[in-house]
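By letter and in written order, the chains are A, B, C and D; residue numbering begins at 1 in each of them.
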């Protein structure tokens, strides 16, 4: 009899989430696991309700992509009561959630923030004014990536100054809109850009080309390692990105769940590999997707 | 009632709207146990005065005493607490509640803190019965015809047991039969000592029911007189400031070939198997009691309501009319019964209202020619002496009679061969009425075929060449002018004489 | 009959209101311009105005359509996010199949068809516009997503993006398209018989119907116009971003309604014009621009915008009542 | 005809019944007490807000800001926890909802701003305040154990909030059909001028309706925040469409004057049942949207086109 896993994903139409979902489902099929995919469309409340569905459906396991560090805790607790094992994929939650989950698979987002800070320090020579285009407010990934960045700068006593941090929800179009505003406000004052993912970096690039056609772009650091980011690095529009493969992300989660269903022990924290890519190594690394 | 006491004394009432001084320095005194009529042309300020009395408007200046005590009413509820009840000219009911709930609106009886529905239904039924209205108290009000709603409105005011009751043109959509029933009630109220203010353009009714008459003209009070000893002609002279000789002038005209023929028309509910024809140069009257189905028939002929049987012919050829646009193409025009709801677009100017049905003809490549548009409006404002004679004025700022003239203008702009007028003079003052009759006379003299729906027998008798009487959705054979009499029409309308 | 004395009873009421309500907005725009110039050196520069115009263009095209909807008494078209998405997704998704230009046209046509669906329900069946456009929007968005497998669609033809981003005399193409749409929309509403029908239908539906105005078609038409406008906006947006996700149009309906309403167009119908709506849009955009330049935080911007809508409409209502007769 | 008319009158019940029947037949594991309990719990948030919305729609008003009010109330209830304690903070959250409703009422009654526009504006305003208060970050509450307690299922069916929802909607039914104030609400929504002329104060009625709707959005928001132990400025952003859909599917008209509490109950349950059933089958969200949208349109069209009794010109007109 096939085992059924309930997968509450962040969204179905998103540059990163779509390939992650596809990878997870494909691997599940190989493993002989049936997956019920429920998309929150980036709405936390929808997600908390979907946990209820997973429990009512009496799934054999739950994989949750949390968009908030706290809100899912009662749902996870209820799952535990119903003896349904749950793990987190991609984004972290607060420590209080740990007692209700068996594992968290996904990138070390805090570390990514630090890597981005290092990268920007390299290209700016340790000083200058930068803007940060962050993901969804309150999202664990956003908190980690911004926190890691700021903490690293403080750690190394950097002279890099953050002009402003704005949320663009991991969305290209929102990034375009906020970038227009940033460019209007700070103009030439922007020496560098840190975007919480490559999708939003693309938004800044578009806004810059629109407002200042022909003028040199400030160096941009992104995360994800998307194919278009690789192109931009080659053409000099972006400085660096951090490869974080959605395929690895999705695969690792379902494989971890499979092991749990088979009764094996799993690690509480299972990271996926990260690689910083700049012009120097762009030709030797494969884009993540 | 022993001694006559003063129910109401209004002194020096003025009311200014932006752009209009509706009332200036009006005095009005009404006694308990008497019917006090207020007459005046359209726009004279009658309704405005009553809205001041019922707390809808605050007067710009002036004072009101009720039973000898000066009062200040800021909202209708204040007036109601003082025992003043108003039957508005425009219907003021709640379509989504039942008839009974409407009758008791604002003062529903309670039982254990809850609305006592059973009592409401019982009491409403009794009052409607007394009014001679066969209306189910549990029916949804919005499903009733306009005239039935008018009766509910009257029942509502009466049921409140008022000290002063104001009726603003209560009979404008009532049949003579229902009017008679209403008058019986009014007399009973008089007996009970209630003060009654009665507004009507039907001077015959005024003479029949009123004890005193106040005449308003252009917002000013002209005179108050006892009804005994005043004649209709005298009232008219005071209202318009000059003599008006013939109220219903019948212009002779040559009657030609049939233009509109209706054969076996029915909508399966409101009217069935209706047949008649109208000839060029003829005014065909269409009369009957309330809810006889005339309006529905006219709307169907004009393509605004569906038919299930029968056909319509224009100039001998059958035409399919499924929209007002198709009716206009076929040469039919329709001046609707309900001016406020169906006649005017209040936010547009007189000009824009008049050219509405012919806009396409005034346009080239989709663009409206402004000069043609203006010319059209100017000619009608002049011909029909619309007051004020400014086509650019928003039509909602005109008085009822002038709005009606604009609506008729609108339809003449389409150059129709058949003009259907549904109660064209309802709520219109004598002066404007005579003028509308003159216009209709000129139109038929010019060869137009006119169907005139009217509930006012004297009007029907006065201007029509032939009359079709409707009863319960069925139409009588046309009665020739020579054979017309009030008694004959009533007999057909009530079913005493088989159609 | 009534002459001389009677005429003194009638003074003009309408024009006073008109002057105030139109002048009010002009003064407000002027005030923002002056404040902006004093407060920020960047504000009064060609570059900044081009930016403002660019960010105005996409929503501006929708504003033109939305004006028709409000004037015809159609309350609001809440399917705009869906029709924008329809335009964006299809203009990109169909590119490899039928070529960029046909894809562009097909995307707009399909958005127009979506408007037609709402229009038929509202005009012919008599469904409330809020419900009809919500329902149709949900359905259309779902179908479009299903058609592309529920994922983001990427552009395959960079030339089209270059075209949309190109400039003529320093003005972005997208802004020129917006201006063209606005001019056509203005003349259609104020000079054509269809426009007069639209105003009449919004002013009094029953009377317009009884005046042989094809009210159902006119009402439906306003939604078709908005569908086409939103489709055009969406297609341009898709080409600009070279990617389209289902939620690309989120929020545009509210921005468009905001502009129209701030422009003094009555949500009750029967009154309004495209220039008014655009003036409302200009005001909102300039104000936002000034706030951005001043570094006002996003939440505060939203707060100010909300307050602005409320104040603008409350003032408008007050003025209208003073000018006499509720419109 | 009469069968059809009857089917149309009870269309919500019919659709709900059909949904449950089809889901039970095709979705394995669907018909169970657990599903019912969790389905009820999921409908509670939408349902509690829908109660307020029903009252507002009957009064011919609308509130687009309920989603923002929902967030604001929740944030208030969480942020004040360390200051004044959990229960006073919860009360403060509900009061914040009432205040938001009062603000809407003020705009539409005193300043005469059309409700659609007024609440569009306050939707932005309240959302901005929520972001401003929290600096756009979700705020955790002080006691996660309370959240766990609040989401316990009692009698195998009811959670606190689903019981509250069902109880309140029955009360609303009674209030709307039996009390004078309830009938007056219909009068105000159907013809405010007539109601006013009869001594009912439409302004007061409408104002209170807004306060009521705001309060209920506040209650829902506070419950949501307590059960998730989070006050978030992004909560409730997607609520409004579902709430309006549920109320309208339940037969309440946006044009005012008509509506019922039991209808809303039916509408809320129908949407919850549909969503749950489709989620059970892993139907993608966008297909779910299509189904809900189609049912919304179908029911409204039925309501429009099949009407009991004859057509009269008083009733047959297409509203403007």
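By our rule, a contact is a pair of C-beta atoms (placed from the backbone, for glycine too) under 8 Å apart; a residue touches a chain by one contact, two chains touch by 3 or more.
Because the structure is a prediction, the values reported are computed rather than measured.
*Asks:* Counting C-beta pairs in contact, which comes out ahead: A-D or B-C?
*Replies:* B-C
*Asks:* With chain centres taken as the means of their Cα atoms, state the distance from subunit B to subunit C in Å.
*Replies:* 42
*Asks:* Using CA atom averages as chain centres, what separation in Å is found between subunit A and subunit C?
*Replies:* Here the centre of subunit C sits 35 Å away from the centre of subunit A.
*Asks:* Taking the mean of the CA coordinates per chain, how far is subunit A from subunit B in Å?
*Replies:* So the centre of subunit A lies 72 Å away from the centre of subunit B.
*Asks:* Which residue numbers or ranges of subunit D touch two or more of the other chains?
*Replies:* Expected reply: 131, 136, 284-286.
*Asks:* Which residue numbers or ranges of subunit C touch two or more of the other chains?
*Replies:* 145, 150, 202, 204, 206, 246, 298
*Asks:* Give me the residues of subunit B that touch two or more other chains.
*Replies:* Subunit B, residues with two or more chain partners: not present.
*Asks:* Please list each pair of chains that are touching.
*Replies:* Pairs flagged as touching, ordered by label: A-C, A-D, B-C, B-D, C-D.
*Asks:* List the residues on subunit B that touch subunit C in their complex, please.
*Replies:* Touch list, subunit B to subunit C: 17-22, 41, 43, 218-219, 240, 242, 302, 304, 323-325, 327-328, 334, 336, 341-348, 352-353, 356-357, 359-360, 362-363, 366-368, 385, 387-388, 393-394, 396-397, 410, 414, 431.
*Asks:* Within the complex, which stretch of subunit D touches subunit A?
*Replies:* Checking each residue of subunit D against subunit A gives 29, 32, 34-35, 38-39, 41-42, 45, 131, 136-138, 140-141, 144, 147-148, 150-151, 224, 227-230, 232-239, 276, 279-280, 282, 284-286.
*Asks:* Okay, in this complex, where on subunit D does subunit C touch?
*Replies:* Touching subunit C from subunit D are residues 62, 107, 111-114, 116-118, 120-125, 127-129, 131-132, 136, 241, 244-245, 248, 253-255, 284-290, 292-294, 296-297, 300-301, 304-305, 317-320.
*Asks:* If we count contacts the way the header does, which residues on subunit C are in touch with subunit A in the complex?
*Replies:* Residues 42, 47-48, 50-51, 54-55, 145, 150-152, 165, 167, 172, 237, 240-241, 243, 245-248, 289, 292-293, 295, 298 of subunit C touch subunit A in their complex.
*Asks:* What part of subunit D is in contact with subunit B in the complex they form?
*Replies:* Interface residues on subunit D, with respect to subunit B: 178-180, 182-184, 186-187, 189-191, 193-201, 257-258, 309-316.
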